[in-house]
Amino acid sequence: MIDNQRKNKIALMMIHFITLVVVLILALLLIDIFSRGLPYVNWHFLTGASKPFQAGGGIGMQLFNSFYLLILTMIISFPIALGAAIYLNQYAKQNWVTSVLRTSIEILSSLPSVVVGLFGFLLFVIQFGYGFSIISGALTLTVFNLPLLTRSIEDSLAGVDKAQLQGGLGLGLSKFETIIHIVVPAALPNIISGVILSAGRIFGEAAALIYTAGQSAPQLDFTDWNPFNAASPLNPMRPAETLAVHIWKINSEGIMPDVTQQSAGAAAVLLLAILLFNFLARFIGRRLFMKMTSAKAK
Amino acid sequence: MDNKLKQQLHTKSKTAKYEQRGKLASIMMLVLIMVVVLGIIGFILIKGTSMFFNDKIKISDFLFSTFWNPGGKTPTGNPAVGALPMIVGSFSVTLLAALVATPFAVGTAIYMTELSSKRGAGVLQVVTELLVGIPSVVYGFIGLTVVVPAVRHLFGGSGFGILAGTIVLFVMILPTIVSMTVDALKSVPNHYRQASLALGATQWQTIWKVVLRSASPGILTAVVFGMARAFGEALAVQMVIGNAALMPHNLVSPSATLTSVLTAGMGNTVMGSLQNNALWSLALLLLLMSLFFNLLIHLIGRKGAFKK
Amino acid sequence: MKNINTDEQYFYPFEANEPMAIATEALNVYYHDEYHAINDTSLQFKQNQITALIGASGSGKSTYLRSLNRMNDEVAKVTGTIDYHGVDINQPDIDVYEVRRRIGMVFQQPNPFAKSIYDNITFALKRRGITKKAALDEIVETSLKQAAVWDQLKDKLHQSALALSGGQQQRLCIARALAVKPEILLMDEPTSALDPVSTAQLEQTMKQLREQYTIIIVTHNMQQAARVSDYTVFFNAGQVVEYNKTNKIFTRPKIQLTDDYLSGNFG
C-alpha cells in the first residue's frame, strides 16, 4: 500500500516534469525566433528586394508573393471544398461510394506535401506548360489545401441544427437553396475560422512550392497592376518565391552573407503572420457568432 | 380549377431544377477531388516505375543497394541507384522521433486531461494548436542554427545527421501526437475512472491500467499519424540531415532521407533521364509509405472497437 | 396479417358532400424498408377545421403528419395515395416543392433561421421571385398579424430572430409558413417547447387561423386536443383506432382502447 502511494507520487511528478519540459521547449522556440528575428524587422526589410549576394536585403517581394498565392489559392479552393463538404454532410448516404470518396480525401490529406508538390510540378508546370509560376503554385496549394478545408467546412455544417434545414424544406424550398442560403450562413463563423486556419498552413508551406511557384522572386513594378504585363505583381504566370521558400532557399544555398539574420527576420515575420491568422480565426469566428445570434447565449 | 392544379403539381418547378443543378455541382466538386487523388497516384506510379521499365533497372538494385549515384556504376559494375541509404535514413529519423516524442506527448496529454485544471488544459491546448501551425522551414531554420551547432558541440562531427533530424522531427510531431492523444484520452468514459478509484486504485494506477489501456488504439493512431508526418517531412529534415546519400554509420554522420534527396535533387536533373527517373522512384516509395501509414491507421481504427 | 386492433376501429362518417382539404388512401410508411411505421391508413381531413392527431409516442402520428407534405421522402418509403383536390400527390413525378408550399409545416422546436425577423418571412418569397419591397412589406405585416405577433415585433423587424423568446419564435415560424400562402398547415407538436402562457396564446391563434386554413396538429397533450380541435384521430401502433368529433371522443369514445388511453390507463 505504501509502495503504491509512493509509486503514484513519483509517476505524477514525472508527468508534471514532462509537461514542463514540453512547455519549455515551445516557449524557448518562440523566444528564440522572435528575439533573434524581430531586431531585423523594419520597414526596409519588409518592403525591400532581397539581395542574393550582399547583406542588407529585404523580403518585400516574397511577402507579397506569399499573400498573393494565398488569396489565389483560397479563391480556387473554397468553392471546391464547399461543394464537396455540402455533398458529404448533406447528401451522401452511408454506402460504399461515400466511403470511397471519404477515403480518397483522407489519403489526400495524409500525402506528404513534397509529393503534392511533385504532382503539381508534373501536371501544372510541365503538362499544362504553366512553368514555374504563381498559377502553378496556387493550383498545387489548392490540392494541398482541399482535404483539410473540406473537412473543416463539413464539421462546421454538421454543427448547424438540422431543424434549420427542415424549416427551409417545410416552406417548399429546395434542399440546396436552403443549404446555401440558410445552413451555410448559419455555419459561417466556424467556416471562416477554418478558412483562416488553413490560410496559416498555406502561408507557411514551402515543400509544395519549390518546384511549382519556383525559387526566384523577380523585381516587381508596383505601379503596374495589369495582370498581363510581365513585371506586374498580379501577373499569374511569373515565378514567385514565397517567404517560406525564401527561408529554405537562402539557407540551403548559403551564399548570402547575412543569411542567418535574414532568415531569422523572415522566420519571425512568417511566425508572426501565422500567429495573427490563428488569433483572427478565434476572434472573427466568435465576433461573427455573437453578431448573428444578437449576443444571446442559448 | 383542378386541372390547373394538376398541371402545376405535375410540372417540374424552378425550385426542382435548382435542386438538381445544385446537387450535381456539389457532387462534381467531390468527384474532382477524387480525380486529383487518382491523378497523383497515377502520375507518380507511372513516373516512379519508368526506371524499372525504361531503364531496365532491377528493383533489387534500387531497394537493397547502398550506392546512390544515378547514371554511374557501383564498384561491382551495377547501376548505382541504391536507395537503401535514404530508406534507412527515413526510417531512422521517423522511428527515433516517434520513440522520443511518444512519452513526452502522452505525458503532456495525461497532464491535460487527467491532472490539470480546465484553464491549464485550455492554455496548453492553445499552445499545441499554435505549434502545429509553425511552418516546417522555421523548424528547419532553428534546427540549422540551434540544434546542429549543439550536436556538433556535444558529439563532434559536423552536427548534421540523423540525430539533428530526429530532434527537429521530435519537436515537429510532438503537438500532433499530443492533440490526438488528448482526444483519445477524453473519449474514455468518466465512469471507468470513477470505478477504478472507487476500488481503491491510486490515481496513477487508474491512469496506467484503465485510462491508457482503453485509450491505446487512439494513442497508437496518434503515434502513427506523427510517424506519417515525420516520414513525409521534407524541408526541415533536409536542412539538418547533411544530405549525403551514404549509409549512416552513426547518428551524427551526414546522411539523407527520401525527401531530402528529392527536394535537393529534382531541380538538378533533366526530365526523362535516368537521374531524374531514379528520383521519381524515390517519390513513389514515399507515396507507398504514406498509403501504408493510412492503411495502418484504418486497421487500428477498425480493431479499436472501443469508440464513442 | 390482421392486427387485433383492426377489428376495433371507428371512423367518423363524413357526408359525401362535405368539403375535404386532403385525404389519404391506404397509406403505409416503412422506415429502412422493414419497420412498418404506418399501416394502411385512410383518413379525410375536412376543410377549415382543426384535426388533432393524438397517441402515445411511437404511435406513428408524427410520421403520418410528415408524410402528408412529403417531408418523409428522404427517410422513409411511403406507399398509398394522398389525395389533394383530386391529385395524388404521392406520385414520383409530383413537384414536392409545390406540394410543400401549399401544405405548410410548423415544427416541434421553433426553428427560425439565423436571420432577421423580416428576412425569416421574406426569404422563401424572394426565392420564389417576389422582390418588390412594398409587396414583401405587406406580406410580412399580414402574416405576422395572422400569427398574432405583429404588435410585439413590428418595431424590431430587422433584429435577429434568434433573440426572440420561444413563444415569439414559434409564432414567427407560423407567420413564415403563412407567408407563402398555403392552404393546409401541418403542426407537429408546436407548443411542446413553450411555457403554459405562450401555449394558451398559440391555441387562441390556431382557432383564429381555422377561418382561412385547414389545420392538422399532432399533439401529445390530450387537453390541448380537447381545447383546440374539431376532430380528433387516435393513433396506436401505427394504426388509427378512432376518428371522431373531438367532443364525442373525449366524452363518449366508441372504442375501449381510446377510453383506456384518454383515462390514462396506458401510454
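First chain written, first letter: the chains are A, B and C, and each begins at residue 1.
Note that in this section a residue touches a chain if its C-beta (ideal position, glycine included) is under 8 Å from a C-beta of that chain, and two chains touch if they have at least 3 such contacts.
Everything numeric here is computed off the predicted structure, so don't read it as measured data.
**Student:** Have a look at which chains touch which and call the overall pattern line, ring, star, complete or other.
**Tutor:** complete
**Student:** Need the central chain here, defined by C-alpha centroid distance to the all-chain C-alpha centroid.
**Tutor:** The most central chain, going by mean C-alpha position, is A.
**Student:** Identify the chain pair with more contacting C-beta pairs: A-B or A-C.
**Tutor:** Top pair by contacting C-beta pairs is A-B.
**Student:** Using mean CA coordinates as chain centres, what's the subunit B-subunit C distance in Å?
**Tutor:** 54
**Student:** From the mean C-alpha coordinate of subunit A to that of subunit B, what's the distance rounded to whole Å?
**Tutor:** So the centre of subunit A lies 17 Å away from the centre of subunit B.
**Student:** Could you state the distance in Å from the CA-based centre of subunit A to that of subunit C?
**Tutor:** For subunit A versus subunit C, the centre distance works out to 48 Å.
**Student:** For subunit A, what residues touch not just one other chain but two or more?
**Tutor:** Touching at least two other chains: 172-174, 177.
**Student:** Send over the residues of subunit C in touch with two or more other chains.
**Tutor:** 97-99, 127 - these are the residues of subunit C that touch more than one other chain.
**Student:** On subunit B, where are the residues touching two or more other chains?
**Tutor:** Residue numbers touching two or more other chains: 15-16, 19.
**Student:** Show which residues of subunit A lie in contact with subunit B when the two form their complex.
**Tutor:** Going through subunit A, the ones touching subunit B are 4-5, 7-8, 11-12, 14-16, 18-19, 21-23, 25-26, 29, 32-33, 36, 79-84, 86-88, 91, 100-101, 104-108, 110-116, 118-119, 121-123, 126, 143, 146-147, 150, 172-177, 179-180, 197, 200-201, 203-207, 210-211, 215, 244-245, 247-248, 251-252, 260, 263-264, 267, 270-271, 274-275, 277-278.
**Student:** Under the stated contact criterion, what part of subunit B meets subunit C in this complex?
**Tutor:** 1-2, 5-6, 8-13, 15-16, 19
**Student:** For the complex, which residues does subunit C have touching subunit A?
**Tutor:** 69, 71, 97-102, 104-107, 109, 111-115, 123-124, 127, 159-160, 162-163, 173, 176-177, 180
**Student:** Could you list, by residue number, the parts of subunit B that touch subunit A in their complex?
**Tutor:** Answer in residue numbers: 15-16, 18-19, 21-23, 25-34, 36-40, 43-44, 47, 103-105, 107-108, 110-112, 115-116, 124, 127, 129-131, 133-138, 140-142, 144-146, 171, 174, 178, 202-205, 207-208, 228, 231-235, 238-239, 259, 262-264, 266-267, 271, 280, 283, 286-287, 290-291, 293-294.
**Student:** Which part of subunit C faces subunit B closely enough to touch in the complex?
**Tutor:** Contact set of subunit C toward subunit B: 84-87, 89, 93-99, 127-128.
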